[in-house]
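Note that chain A is present in both complexes that follow, paired respectively with chain B and with chain C.
Take a look at the complex of A and B:
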């Protein structure tokens, strides 16, 4: 040995950065407070605070004549929310959100399953690219693109025509409620665009959940006599459920709050998002707009509570 | 005697890798059969071929006389105890054990009773309401065993089931497994890389290397008369004598094996063979001392009784052993 240490303990560091890092090493809680403080402040004060202020608004009412807000505690706005016309909006939005969530889950599961179980190497990269790529382009561009695809003169009609299946499309559009003049002005169109736009938010959590299911559990089920259908029902699905619930929270709440898609593609009837937009903008009825935003919050709260009761988070 | 499992020239290739290469074996009903080998030797793939998780690239597999190729795992009366147990984390212990009966459509009450009996059999009565995450490794191992046995399989496959347990527990489980197998009369096929485990538990042992069976026989045969260099090395670290030493001892074969405990550090008595060398190293193993002797550059290990005392390192010694302990081997 040619190098002999002068002392066992090295001298204290002199630079500011060095001293600071030594200080943080001795007081890890200070570092944690510095790192977490600003985002917590933002979440706690700015975000939750303004949310609370918004909710407070819903307990005020608007003066019919002057259009000014009357800052007195009242449930009048909620009474207004529960009129038939507004309930109609709520029901329409919740039904749409539920259907979009259900169909997204059904379409997403096989894709996520393939990605989690079979895709390797470049196929996995390709999967991520294919799922994420739509998220990189503007949401408005995508929605307008869909309007063109779904229009009467659009490629979808052309496609049905070439396949001699135009009668099928017409029969669908002739149906009440889901039909219309063309797909781009029907609920069916709104539904298709919603499913398309939110699909990545369903695929990725399911894929993550499925990736965490060990292969040998599938083998164990099969070994014990479980057919593939039984293995899916008793092992794979329960273990993927937290992922499905996570994905459904995204698709459900995003559909509940969206006001652009139903405005561009769909009938002229309002969704919750559009109602909020109209009430706080043109109508200037902030209390009613606030009351409308309470609806998705309550629904999501109830949904999460139910999912927890059903044991969706047990495997977490 | 019925044949439980038959492998006729079975191969399983993964691309260019020959995981299992033209394996022939016949496992008798009620036998405790061990497949022993280092990792990557093909023993686990053989087990997976029996379970149906893998399909052979070539050859023919029969289970109780019925062709097994193309039969999915869920249509085989064969159950597996997985290496890491593979218990379902979202189900209770009772539901785990009753799983096989549940998917077969057996009634709730009947399968609860069968599962509780199975849990009692593996000495875990009353654990049914817990979750796999709440049990220790040894307990989980027993649950995995109960979950397989509750189906009354014709063949039970065990994939290194004791690998994750500590030594004391492992020895205890070895004995329990063996007595369980004797009382149930089920054919056990056991995969392990631990030669002590294979020798102490099995009726017959197949030693695997590079996808092929190197030797198949009773534990005594495999231990005392290794057929190849690999078996001599892998099963209990026999000394492998080189061609030079063999010639010196008047042996025709190019290699021969000599077990450490067959050698004594003593001058030869009548008819015994002898070699001389110097002590190279020694270590205390409890009941014996392991002494390595340098004989003309070759190292020969000797298991010398601890009571005998060991000559110091570097001192010249004479080794003696009976000619019958020297086993000629194939050159492999």
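Take a look at the complex of A and C:
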């Protein structure tokens, strides 16, 4: 009796595909394993595997005489990492990343604010595309464009000359630290290019956070006598902050690991990325290169933990 | 009713937004101007004259063509791999509940959240430990790893919008799992996959940091450009190539935008 009832409710399918899909329906775990298997194998085994292998190498050391890797557990490489010269590189990179993040937020905020609060319909779509196209366009082409702009004979010098402000540019370049022979070999140049390349990543998270602020909160603030400045300071900014922090994850992390921009536009002093590149390439010191990569991982780990506590992940 | 005045942006905000957008766009436009300059030895501005001869010169360069072909091949295969893996992962995460779901989505994002140099050097040292020689396939492997997230993001957003009752209705009407996938799910996620694939293609086509670690002697178009940037030899050809790269990457982004613009989720949010 039960068999008959079951075969009426759940008739056996004839085709192989039908039987297979019935089997999956009865055993959802098998289906899940088939769905998740390939991507997990790829990311878990290939990607995480090589990441762990790299971190493991930072606990090996290099034999100074033969240049071969000594496969014994040691902290010597980390001792080597914490020398003054290397700490200098780390400090320089983190300072640059923090400054780039700060300035990116200042430039991105008005764009995001306008797009979130005032742009409507066609304009909104246009704004979105105007942010997406530079964000996605080629990284190297963007760097190349700035090489053209910052060159001594380039458009920026020409522009300053036309405005009779060449003395200002020269005075800036004469400054210690931020100056140099020309903008394309100074920290100022490196900084501008970093801001240009990573700033677009800041706009969309801020815009998303601002769009979630209810209009009546702002009206309430002005009804209660808040000036626009006060409304911004006490209502809008605190609510947009998670978006800014979410965007800063990108600008900070991307600046931290970059080694191409400071190599093409900048002075000869190294950033973390360049140090990693030099250690694994010309110096052949994989353990030290691996130890160097631990620095951005630790910094980003702490940063992400802080961002999570501020609720930044909801704004992503 | 809000008054008309309250809806108008303050002048200061308008100016700040306009200046910001100009800062984002003018440098790219400059690339177009430089592709036509007659100046060969420097980046002189304003250009002493305009010419189209460099397009012909660039067209006849076998090394540019070789780099371009390699880039397109790598991007095509990496995109195909990312499409399969990203869709599988998105289907599992959005359609089922299981222990460790959050970890899976973190794992997918990791290759792009960590600086590219870490992914690059990790893969490189893994290849050398496993005695895998650098080849076309090592480049593809690196690219597919970080392309998965783009497909995944687009697919997950779309999966969330497919109502479960559609799938149940299909099952109730007697379709098996494969038919439901073919006739109900696929038409619904198709454009999202296409958009994700286009963005993955653009991402791979442009990638340079991971590629410097996973490529041997071969050079993709970005590697070719990087060499020109470090040691400029043929500036006019580089200018033309840069302009072509801008156009080639704009098309898939525009395409992806039009395919997903009605969606509630932003196609490329978080590169």
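Throughout what follows, the second predicted complex is superposed on the first by the 255 of 316 C-alpha atoms of A that agree within 3 Å, B and C clash if a C-alpha of one lies under 4 Å from a C-alpha of the other, contacts with A are read in each partner's own complex, and residues count from 1 in each chain.
Criterion: a residue touches a chain if its C-beta (ideal position, glycine included) is under 8 Å from a C-beta of that chain, and two chains touch if they have at least 3 such contacts.
It should be emphasised that the depicted structure is a prediction, and the values quoted were computed from it without experimental measurement.
Touch criterion met: A:216 reaches chain B, while chain C stays clear of it.
When the two complexes are overlaid on their common chain A, residue A:116 makes contact with neither chain B nor chain C. Residue contacts after overlaying the shared chain place A:277 against chain C, while chain B stays out of touching range.
In the superposed pair of complexes, A:291 makes contact with neither chain B nor chain C. The larger set of touched chain A residues comes from C, when the choice is between chain B and chain C.
Residue contacts after overlaying the shared chain place A:264 against chain C, while chain B stays out of touching range. When the shared chain is aligned, no partner comes close enough to touch A:244: not chain B, not chain C. When the two complexes are laid over each other on chain A, chain A has no residue in contact with both chain B and chain C.
Every residue of chain B that touches chain A in the complex is listed here, in rising order: 51-53, 72-74, 78-80, 82, 84, 86-90, 99-100, 102-104, 147-148, 151. Residue ranges of chain C in contact with chain A, taken from their complex: 7-10, 13-14, 16-17, 20-21, 23-25, 27-28, 30-31, 34, 42-46, 84-86, 88-89, 91-92, 96, 98, 104, 107-108, 110-111, 113-119, 121-126, 129, 141, 144-145, 148, 176-179, 199, 202-203, 206, 208-209, 222, 225-226, 229-230, 238, 242, 245-246, 249-250, 253-254, 257, 261, 266, 268-271.
Remark: chain A residues 214, 216-217, 219-227, 230, 234-235, 238-239, 311, 314-315 touch chain B in the complex.
Residues of chain A touching chain C in their complex: 13, 15, 17-18, 20-22, 24-25, 28, 31-32, 35-36, 38-40, 42-44, 46-51, 53-54, 57, 107-108, 110-111, 113-115, 117-118, 125, 128-149, 151, 153-155, 157-158, 196, 199-201, 204, 208, 228, 249-250, 253-254, 256-260, 263-264, 273, 276-277, 280, 286, 289-290, 293, 296-297, 300, 304, 316.
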